[in-house]
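These are the structures, in structure tokens.
Shared chain: subunit A. Partners: subunit B in the first complex, subunit C in the second.
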Partner chain A sequence: MHSNKKILPFLYLLPTGLLLTIFMIIPIIYTFYLSFFDWNLIAPTKDFVGMRNYVEVFTDPVNQKVLINTFFYIILLLILNFVIPYIISLIVKFFIKKMQGAYKIVFFIPSLFSLVVGAMIFSWILNPVSGPVAFLFRESGFVLPNWTNSGALAIVVLCLITNWKVFGYNFILLLTGLGSIPKNIIDATTIDRIPKWRMIWNIILPMNKSIAIYVLILTIVQGLQYVFTPTNVITTGGPYYGSSNVLYHTYLNAFVLYKTGNASALAITTFLIFLVLLYLEIKFVEGRSKYE
Partner chain B sequence: MKTKYFKQFLALVGLALMAVIFAGCSSTSKTSAKSVTHITYWHVNAQTQGGATVDELVKEFNKTHKNIKVTAKYNPNMYQGLMQNLQSAQASGKVPDVTQVGWAYDNYFASNFKYMTPTDAAKKFDGNDKFITDHFTTKTLSFAKDANKKLVGLPYSLSTPVLFVNNDLLKQYNVDVKSLDTWEGVQKAAKSINKQSGKYGLYIQEPGDTWAQQAIMLSNGADIQKNGKAAFASSNGEGAYKLYQEMVTDKTALHTPWAQGMDSFVKGDVAMAFTTIAQASHIKKGASFNASAIIAPHFEGRKTTVPVGGSMLAITAQDPTQQKAAWEFEKFMFKASSSVTWSKGTGYLPPTKDALDSKEFKDYVGENPMLVPAVNTLDKAIPWTSFPKNGLQAEQAMIDARDKILSGSDISSTLKSAQEKINAQQ
Partner chain C sequence: MNSKKNVLWHLPLIIIGLVALLPVVFMISNSFKTLQESYQSILNLIPTKPTIDNYTTLNHQVNLIRLIWNTFFMATIVTLGKLLTGLLAAYAFRYFQFKHKSFIYLLFVATIFVPFTIVMIPNYLVIAKLNLLNSVIGVALPQLCDATGIMIFLKTMEKIPSSLFDSLKIDDIPNRRIFFNIVLPILRPSIISVGAMFFINSWNEYVWPTLILKDKGSFTLPLALQNYISSEGGTNFPLAMALSSIMIVLPLIIYLIFQRYILNSISNSGLK
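Coming up: the complex of A and B.
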């Protein structure tokens, strides 16, 4: 019986562990191995190049551009997919009495659509010359800038398309979190005549922290993966890598140019950067919560 | 969350089961097939892009050839997607038997995959290579040769760039179509249209390759490559890009991704579009104006020269009986009637002499006059530049140069550095 109890938990974990090993851990280790070679994914020989691929990640001007773009993407995605949904969910929860259900549904609908379809529709709507938005701009005397020719504008547009898809999901998560805060605490603040902003800042936000952290991490980690689809459909990273990011650039190197080594080095670097980001995030937030 | 993981787990188990079942199926079908040889044909044609025609041809072949059964497999994401799948197929040892290979992948395919050349197949199974010489011109065959001048496959889909024009706009702003024979004429017309209407004059396709841009450079007497080395950073190459850059800078030409550019042409916001003939049906269906196509322009004092687009059929079968079946299948696909059916279903031009001369094709062209300039351009077509080594990276270097120049970079230095980058890898 005793040994059974010791083995059983591992047995339960085995399926997940096995899948995780096969589809996550082994590929990551293999990617790490590949990052030291020059290989085209198919040739029988792999040329060992040592750290060259890693050096190129940081010295190649295109890679540098892509890394900086990635940074902008993350900032923008954090604002669009985390901060704004949070603010809206607070408004819906505490400042609007009616129609909460309707808002939930309306905001959530885009999450059900395929991002490829969404990207194609937006590519048409936002066509800088012939789309309906360009038409409205023209009619009201403005000129819609040709955002496909500007890296910065293309990044904003791609983030907005991602936002269209992700917003509702994050909004629902945050709203549900807010709903689980005990009502008696909120009622108490009303009786004590504490201003709403103080209630939100000092009570609601700290109490909703676990959900918020989850959404925050989700935004950082999944955001770039979501951006990949519209990038691939609309700009393919252009103009001149202006709207590319590390994920898209890794894909380009790996599966368009077949530069497996460079792609692997980029992937491992991204992996490490994200690991550090998440570590800092968790440590920072958890460290702070101990004092509260 | 738990149910989500459980569902994912179920899905994965399902996939694994299916993999096992299918692996079982194919191995049994191979061993049991004593009289019937099974072969697979990999293509890139989605249902909307000729996929139905592929199925139709395969069905007809299977009906008329009782001892061979062909299974067609669609590969998403065009030739690039097919190459990716071919790589995993090669790694697992289960390769297809007949494969469509895009011209840009010519050398990459030839140097990394095992295949049987059509010449070997013809000699081995027919006793001579009469089939090849009878059906294809030397020019057409040159499209399918690798850097070592070896015939890798047989040309299957052919396309050429043409200049599509919006006749309503040209008429409205007094542009004579005859003046559009030269790029200088196109520039002048675009300027005039832009000045009078504020609309863009021209759009040149900007997909993930520089096919159209190479056509412009070639039509200014430039070479893209010479003896396996990049050679486009010449005064002629620069001259071609100079005109293009000028037009983008003064907003007479639209600079935008391909889908959006074509959308703008079809909506009548751009007067001319330089793109592949394969866009003809899209334009015919979508445009509400009188659209037509003319032969690709050249620079004054030069001749029109364009790289050919499309793909070839290569035999990737390894087993001799399957190679024989694959060759039979290819011969069927190159029959005049099959080629014309194929052309009608996809918008590509048929590759064989007899198909181009057939009454059926001529009738078809009669109904679709946009195809006329494309057919006439075939004499002026050369193989799509494919560098012997690192060809895909070379193409990317040319894409980068194009994007930089269109964003205003110095033409001469940009082309030179791209050329040096390519040549350093050869």
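Coming up: the complex of A and C.
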């Protein structure tokens, strides 16, 4: 009976634990192993190359370009998917009195749709020749630049597509955080006639810190993975890897160029960056949970 | 003065609402236009001569029923798997004391931070070894658990008072019965909302299926749509938009029915 009680909780954890071990923990170790080899995913033998794949992550010009792109992606994603939704959630919470519910419902709708749908719609809307935006530009005497020819512009468009999908989701998370701030604190500042922007800056933002950091980290971790879909559908990382990022480049190396070792080294590098973010999440967000 | 100010604050919100909705409205409208009309009257929201030609053409080119079934089948397996494993795990975290509990919980949460690129090569090799390439089972298999579900279920379970469980345990009621007869009924709303989210996400999934499903007969809707976008000689947008319109019906219906539940569960997933 006693030993049975000890085993019981692990029986409940077994399905998740088993799946995570097979499809997550072992694969991470195996990818780490593969990152020290030269392999093409099919050949029966793998050549041990030591740290060469890692050296290439940082010295190969294409990889360097991709790493810089990734940094550019992160900055853009933070602005589009974190800063703007945060400002909008503050407006909805503190500056308007009606329609809060309606905005929530409407803003969330694009989150229901596949990023492939989003990529298709926006490649129509922003089509430099026949799209509606190009049409409006022409009518007013401008020319819509052909963004597929420019890595930087392509990155902006790909980020906008992800923004279309996740904006509502992040907005609702941040708004919920603001909603959980005790009402009497907000009331007290209105009685004291403290200007709203000062109340927000000095009281609301610090109190909402934990959920804001959660959304900020999610924006980077999920955003870089979300961008994958429109990238593959519209630009396939082009022109000349100009819109590729470290995740997309891992995929290209693994399943298009069949450079498994390089792909694995890139994946491990991404993982290390994400681990830093995980550490921040545990420190600032999960740290408050009772399971810590 | 004050009300004028108020209206001004609504302006950015209305613009965002339009940016969210207009693309979809245009997409549906274009799916009822001929290719020619879609080029000539770009900004016309209502087609002058509505036609269902795009839908019939689509029906000739791809096996729509097969596509919808593949997608539905995959999403259902993934959703049921994630719900079951998530509920069981959350139950363990809530009602048992065991060694390394906080460490195991953090390990589960940490999986959210694992980029798919780090597991995709080994998982691809495993699915290929199991002969599950070109099968939606192969797509579903590595995805049968999800840390977000565990987090939300745990949060809901925390609202059930511990005293209830203590008394049940004194009466020696087996955990199996507590789980099925008491916890599951109480958790119904969050099971519905989390399930709806899982289903919609899986219905829309693209990245992992593109690696596993290469044969057109095994395609899911997003993969079929991608084929229309990258087809040689430019995209036939009205056709692609017809397929997209078919794709968004089910998620929209689910959202209309469970909207309140879904928005609540998102809120819950962020609250710490």
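In the analysis below, the second predicted complex is superposed on the first by the 261 of 292 C-alpha atoms of A that agree within 3 Å, B and C clash if a C-alpha of one lies under 4 Å from a C-alpha of the other, contacts with A are read in each partner's own complex, and residues count from 1 in each chain.
The working rule: a contact is a pair of C-beta atoms (placed from the backbone, for glycine too) under 8 Å apart; a residue touches a chain by one contact, two chains touch by 3 or more.
Because the structure is predicted, anything quoted here is derived from the model rather than measured.
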| item | value |
| --- | --- |
| Subunit A as common anchor, with subunit B and subunit C clashing or fitting | clash |
| Partner chain in contact with A:T235 - subunit B first, subunit C second, else both or neither | first |
| Partner chain(s) touched by A:F255 [first = subunit B, second = subunit C, both, neither] | both |
| Touched partner set for A:N40, first subunit B, second subunit C, both or neither | first |
| Partner chain(s) touched by A:N146 [first = subunit B, second = subunit C, both, neither] | first |
| First (subunit B), second (subunit C), both or neither touched by A:W124 | both |
| Superposed model, subunit A: greater residue contact from subunit B or subunit C | C |
| Contacts of A:L19 with subunit B and subunit C, given as first, second, both or neither | both |
| First (subunit B), second (subunit C), both or neither touched by A:W164 | second |
| Contacts of A:P110 with subunit B and subunit C, given as first, second, both or neither | second |
| First, second, both or neither for A:L278, with subunit B first and subunit C second | second |
| Clash-bearing segment of subunit C, relative to subunit B, as chosen among 3-11, 21-29, 75-83 or 111-119 | 75-83 |
| Overlapping contact positions on subunit A, where the subunit C interface meets the subunit B interface | 15-16, 19, 41, 123-124, 130, 234, 255 |
| Contact footprint of subunit A on subunit B as seen in their complex | 5, 9, 12, 80, 84, 87, 90-91, 108, 112-113, 200, 208, 254-257, 259-260, 263-264, 267, 269-270, 392-393, 396, 400, 403-404, 406-407 |
| Complex contacts: residues of subunit C adjacent to subunit A | 6, 9-10, 12-13, 16-17, 19-21, 23-24, 26-27, 30, 39, 42-43, 84-86, 88-89, 91-93, 96, 98, 101-102, 104-126, 141-142, 144-145, 150, 175, 200, 203-207, 210-211, 221-222, 225-226, 228-230, 235, 237, 240-241, 244, 247-248, 251-252, 254-255, 259, 262-263, 266-267, 269-272 |
| Residues of subunit A that touch subunit B when the two form their complex | 15-16, 19, 40-43, 62, 123-124, 127-130, 146, 148-149, 234-236, 238-241, 255-259 |
| Contacting residues of subunit A [partner subunit C, same complex] | 6, 8-10, 12-13, 15-16, 19-20, 22-24, 26-28, 30-31, 34, 41, 88, 91-92, 95-97, 99, 103-110, 112-125, 130-132, 135-136, 164, 167-169, 172-173, 176-177, 179-180, 210-211, 214-215, 221, 224-225, 228-229, 232-234, 247, 250-251, 254-255, 260, 263-264, 266-268, 270-271, 274-275, 277-278, 281-282, 285-286, 288-289, 291-292 |
